[in-house]
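Next come two complexes built around subunit A: one with subunit B, the other with subunit C.
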Partner chain A sequence: MQNGRTAFLFVAPALVLYAVFVGLPILQVFAYSFFTWDSGTIRGFGGLENYTRLVADGVFWTALSHNAIWVVLTLAFPLMAGLITASILAERSPRTVRLLSVLYFLPRTIPMVVVGIIWLWIYSPIFGLLNWFLDSVGLGNLGAAWLAEPNTALLSLNIAGAWTFFGFCNIIYLAAIQSIDPSLYEAASLDGATWWQKFRFVTTPLLRSTTLFLGLYAAIEAMRFFDLVYVTTSGGPGYSTEVLTTHIYKTFFLVGDFGYAAALSVVLLAIVLSISGISYRMLRKP
Partner chain B sequence: MKRNRLLAIMTGTCALAALAATAAAETSVVQWDQFSSSGATSSGPAMEALIKVCEGELKDVKINRTVAPSIGIRDAYRLAVSADKTPDLAYTWPAASVLAGYARTNKIAPLDAYYDKYKWENVTPFYRGRNSYQGKIYAVPMEQDLMGVYYNRDLFKKLGLEVPTTYAGFKDVVEKLKAASVVPIAFGNKDRWPATNTMSLLMGLSTGRANEEKVFFGDEAWTNPGFKLAAETFQQWGKDGYFPRGFNGIGVDEANALFLGGKAAMNVGGSWFLQDMARNAKFDIGVFMLPPIGDGVAPGTMWGEGSQWQISASASDAVKDAAAAYVNCLTSPANRQTWVEKGYTVPIGTTAEDLAKWNTLPLVKEFFGQGLATADSNFYDLHTTLPESVTQVLYPELQKLVGGDATPDAFLATMQDAWKVAIDKGERWAP
Partner chain C sequence: MTKRLRLFQYAVLGFFALYALIPVYLVLLASVRSEADLFSGPLSLPWPIDLSTYKRVWFESGFQGYFINSLIISCSATFLVMLTAPLAGFAFAKLNFRYKELVFGLFLAGLVLPAPSVIVALYGNLNRLDLLDSHLGVILPQAALLLPFSIFMMRTVMEDVPSELIEAATVDGASIFKTYWLIVLPIVRPGLMSLALISFLFSWQEYLLPLVVIQDETLKPLTVGAAALQGRYGVDYAGIAAAGVIAFAPVVLLFLVMQRSFVRGLTAGAVK
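Then we have the complex of A and B:
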């Protein structure tokens, strides 16, 4: 009993801070979502009005679909590339491993706003590095206004996002591979397994929980990301790169419709919490 | 020794009392404005100079100034208002419709009594209307915003081009520029607001002010022939190579750099770029007004105040009085010259004759000389006329329209839907 009380006293400061700076604001947002607002001022109680608006809000559904596409693309590219490069890297000398993993991880240390500016310059239709490169290798006809065309904008942004996430996946996979018992690889070699067979039948199955962690982490991040889109395209052209967070931002700050922005935030919170719940359950399984 | 100490204490007490009395008499006004030193609205030097002048004139007024960049001031101001921390005095954009939102929710003070006291006759009925809501005036507009076409006079001379006086002539100039492999118009719409200004100009030149008013303040729908002509024209500009490739991915600063670097011949822009254009053009820069597009439409340009001085409803009466007196000083005929000469900002009420006398750039005189000549037919700015909920639909829809991803009919139908929703919710501003 005494121990429980002492433990609670130790936890209490953090709990109070969490309640004040996380719990209360969430409750406040939840409460806001039941009111109608005008220019940042409460107009009256609206009940579920803001939630019923979601059904007919085309921008909301477009944004949600873009978040989903982002999740799929993130799972498809950075995770896969991180796994393959980590598998190759694990067999190299410690010096090579250190050097390359630092290089791969470097983009992850750059703030997303700066990443956005870097890729704006790379994709610029006037003086962009990408179009210049394509021109210089005789592929100028493939050049495009990458962030200005609806059919390339979201994919181009995802590549920028993948550039920052790939190094993180690589480091996590590398650590996981290095913790695999080397005797398993030795046994596979004695059985005549090729590199690909060892990767397919030893490495990949043993990295199940790592992949699960990275996948769910990527999914949560994909629902929350904002800065890269806002800096580069603000959701445009049209609604081509609109995601839930940019829709919430515009509804809140620009339109001043705090109630609807709060309802959108509650929905986003529910999605993120659901993914977190699933990940928690899956990661707990042995 | 004791006597000296007593004397020192008494002297100190008297000095403190005098200081306290001065402080008590002084009224502090918290001011937010967007006058920075570079980029759009870079009239910072004029603002700084005039604060000194006005604090000197109004001995009991002390200004506590915060500069918020024009790009973020409207968001910052909205947050401050919603948290009941409205600054005593603010100079923010956009005007009219957003101002009406704050008036509707009683966040800013009506200024009718101050209009009676200080007259402010330079604020004409047009401008008074744009700063009114349900019969009361809520702000003092100051600078005049105009739209025009900046052009590279050297390049025009080199290619043997004349400033167009008709829309057909304008199209001819564009074709000749394209034939010479020069980008005709430096236009970048990544930031989304530039297209709104261009559309404002095209709408006015396609249908005229009176027809615009039928939509903005009457029952006419957006899907009218005049607005359709404007939408078709804008889309045609996008399709026919009037703009650089990938314009929806080019920032406004990049587009300006394209023009200032001599790689584009024209820039359809506003007077809010005057400072940047005048300071950075390494060629002979000129400006002309885009000729009318629709049949029988009078020449004119988009104009408005863009931003305005507004006073918090929650400020004390003393602070409101001090803020109004200070605004009176800032906008006085004597101080208009400072705005023009140090800030390249032309306050409302300034005439072409004033500009001719004052020490300012030829480009400023040229721009306002032409814009003020059509005062009776100048038309509305969508940014300041539409409620924010409609503007936030307009931004992406214009990117789709000009990029060729929506037809003019689809664009206008979407705008009409957003417009109707805003009207139903009571968000429409009318003078």
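Then we have the complex of A and C:
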């Protein structure tokens, strides 16, 4: 029935668009990274110069460590939150499930820029909701300039990021829990298991592959997020919230060093591709 | 289940409901709060309700234009995706051709691509094509960046179409394209709906691409406009709040009305 050429015509429009605006630029980025640049023009062939420079670039390592911390924080908070809400919701009426999962999911539909603006405001030292709340429950001395202090900035941002992610985890976990054989829970109940025991010994182990999927998804997102940081702190104060993407953006647009920005991009690309390579293998054989 | 456990569970569900809602509530309130009412606490109900901020932001701060630009960019990018992704998804799911796995693999790799990596070279290319400072300069790369996800999703959707149906049609003499158009597309309509919504949502949310490509004030979309307003007038709380609401209201409403389609699309491929 199939004529190979006709079939290829089905793919061609997508392939052309993709090749011109994604494929070609990626190849160029590889090429750029081997040249030295001066405010947007090539100065000469640099070989691996940009890559050796990267090794000694403190900001690069700081940024990379922030991406790594972001992965850990995401695994610790929104993923856990999603797992717990989903396990509780699984025993509620369909109406409650639907209402709450939509509610939890709602923040994800808000553009990240606006998310940044909203949380910038919550954390504001003067008019901020958080300090106002701490004040009104008598903990005013805990108040801080959350995003302006190096110690709290990254963690505070992560809570804003988690705001848009836990609802997604909740929905994915819910779907997975609903596909667990109910007789397993019945058997556990007959054996006198408490809710916590069922959560700990039935739900959590059976959701291993879902957790793996969400964890790898979160890791990739943590490597490539940009909007939230750029709109709120632009990587500051100092470099305390700098991540790879903001470092690339600044190197490219503010410094104009295309070669070094390209080298950073290649490294970032290598990282996400290896994470996805690992996930592909791990998710293939459970 | 003990009463204490039940109580604890409701507390957890309630806590996360507040976590999800309070920030949205806060912005909605702030956007209609009059200046005189500014210091009565961030969560108190504003009175009198003051809609003049919206009027000011919409007409004087250029948000009418930003809104229209967002609409143009998102609709066009969605249109391009709808034109190309279902075709390709169908071919990957149901047809055979040389290098099929390789080509699909190339699209798949794009699934994890960090946009800033592409933009380093894309910027110069758009400049050479004379596409900087134009809507098209955002729309085309935007659609291209949406393709990996869209094609992946469309392949999953198309795989569920019974092959016998397609074979029967081609045996009756219909061309593959005609079969696709008249038989396959009507069957996968719910999937197409999801794809259209997701593409629209993602283009609407995009920030980096228009930030880099567009410098002309009159061409900028809402995300760029709202971020600029925040940067310039950090103390105009009501104005920034209203701008934020204008930037998220259309997609949030769309999500609330079409939740099923949205969730099906956003979790496509994840729950398999």
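As a convention for this text, the second predicted complex is superposed on the first by the 269 of 286 C-alpha atoms of A that agree within 3 Å, B and C clash if a C-alpha of one lies under 4 Å from a C-alpha of the other, contacts with A are read in each partner's own complex, and residues count from 1 in each chain.
Here is the rule we use: a contact is a pair of C-beta atoms (placed from the backbone, for glycine too) under 8 Å apart; a residue touches a chain by one contact, two chains touch by 3 or more.
Keep in mind the model is a prediction, meaning the values are calculated, not measured.
J.: After superposition on the shared chain, which partner residues are touched by A:Y239: those of subunit B (first), subunit C (second), both, or neither?
T.: The first partner, subunit B, only.
J.: Output check: A:P125 vs subunit B and subunit C. Expected answer is one of first, second, both, neither. What do you get?
T.: first
J.: Of the two partner chains, subunit B (first) and subunit C (second), which one does A:F168 touch, if any: first, second, both, or neither?
T.: In the superposition, A:F168 touches subunit C alone.
J.: Between subunit B and subunit C, whom does A:F253 touch in the aligned arrangement: first, second, both, or neither?
T.: Once the two structures are laid over each other on A, A:F253 reaches both partners.
J.: Quick one: is A:A270 in contact with subunit B, with subunit C, with both, or with neither? Answer first, second, both or neither.
T.: neither
J.: Check whether A:L103 is in contact with subunit B, with subunit C, with both or with neither, and answer first, second, both or neither.
T.: Only subunit C is touched by A:L103; subunit B is not.
J.: Just checking: does A:L155 make contact with subunit B only, subunit C only, both, or neither of them? Give me first, second, both or neither.
T.: neither
J.: Using the touch definition from the top, say if A:L48 reaches subunit B (first), subunit C (second), both or neither.
T.: The answer is neither, since A:L48 touches no partner chain.
J.: For the overlaid complexes, name the partner, subunit B or subunit C, with more touching residues on subunit A.
T.: C
J.: Classify the contacts of A:A145 with the two partner chains as first (subunit B alone), second (subunit C alone), both, or neither.
T.: Once the two structures are laid over each other on A, A:A145 reaches subunit B alone.
J.: Can you list the residues of subunit A that meet both subunit B and subunit C?
T.: 40, 120, 253, 258
J.: In their shared complex, at which residues does subunit A touch subunit C?
T.: 1-8, 10-11, 13-15, 17-18, 20-26, 28-29, 32, 40, 81, 84-85, 88-89, 100-114, 116-122, 127, 129, 132, 163, 166-168, 171-172, 175-176, 195, 213, 217, 220, 223-224, 226-227, 230-231, 244-245, 248-249, 252-253, 258, 261-262, 265-266, 268-269, 272-273, 275-276
J.: Per the contact definition, I'd like the list of subunit C residues that touch subunit A in the complex.
T.: It comes out as residues 1, 5, 9, 12-13, 16-17, 19-24, 26-27, 30, 41-43, 80, 83-85, 87-88, 90-92, 95-98, 103, 106-107, 109-125, 140-141, 143-145, 147-148, 151, 166-167, 170-171, 175-177, 180, 201, 204-205, 207-208, 212, 222-224, 226-227, 230, 237, 240, 244, 247-248, 251-252, 254-256, 259, 262-263, 266-267, 270-271.
J.: For the complex, which residues does subunit A have touching subunit B?
T.: By the definition above, subunit A touches subunit B via 38-41, 120, 123-126, 144-150, 153, 233-239, 242, 250-251, 253-258.
J.: Would you tell me which residues of subunit B are touching subunit A in their complex?
T.: The touching residues are 74-75, 78-79, 81-82, 98, 101-102, 104-105, 107, 190-192, 244-251, 254, 258, 388-389, 391-392, 395-397, 399-400, 403, 405-406, 427.
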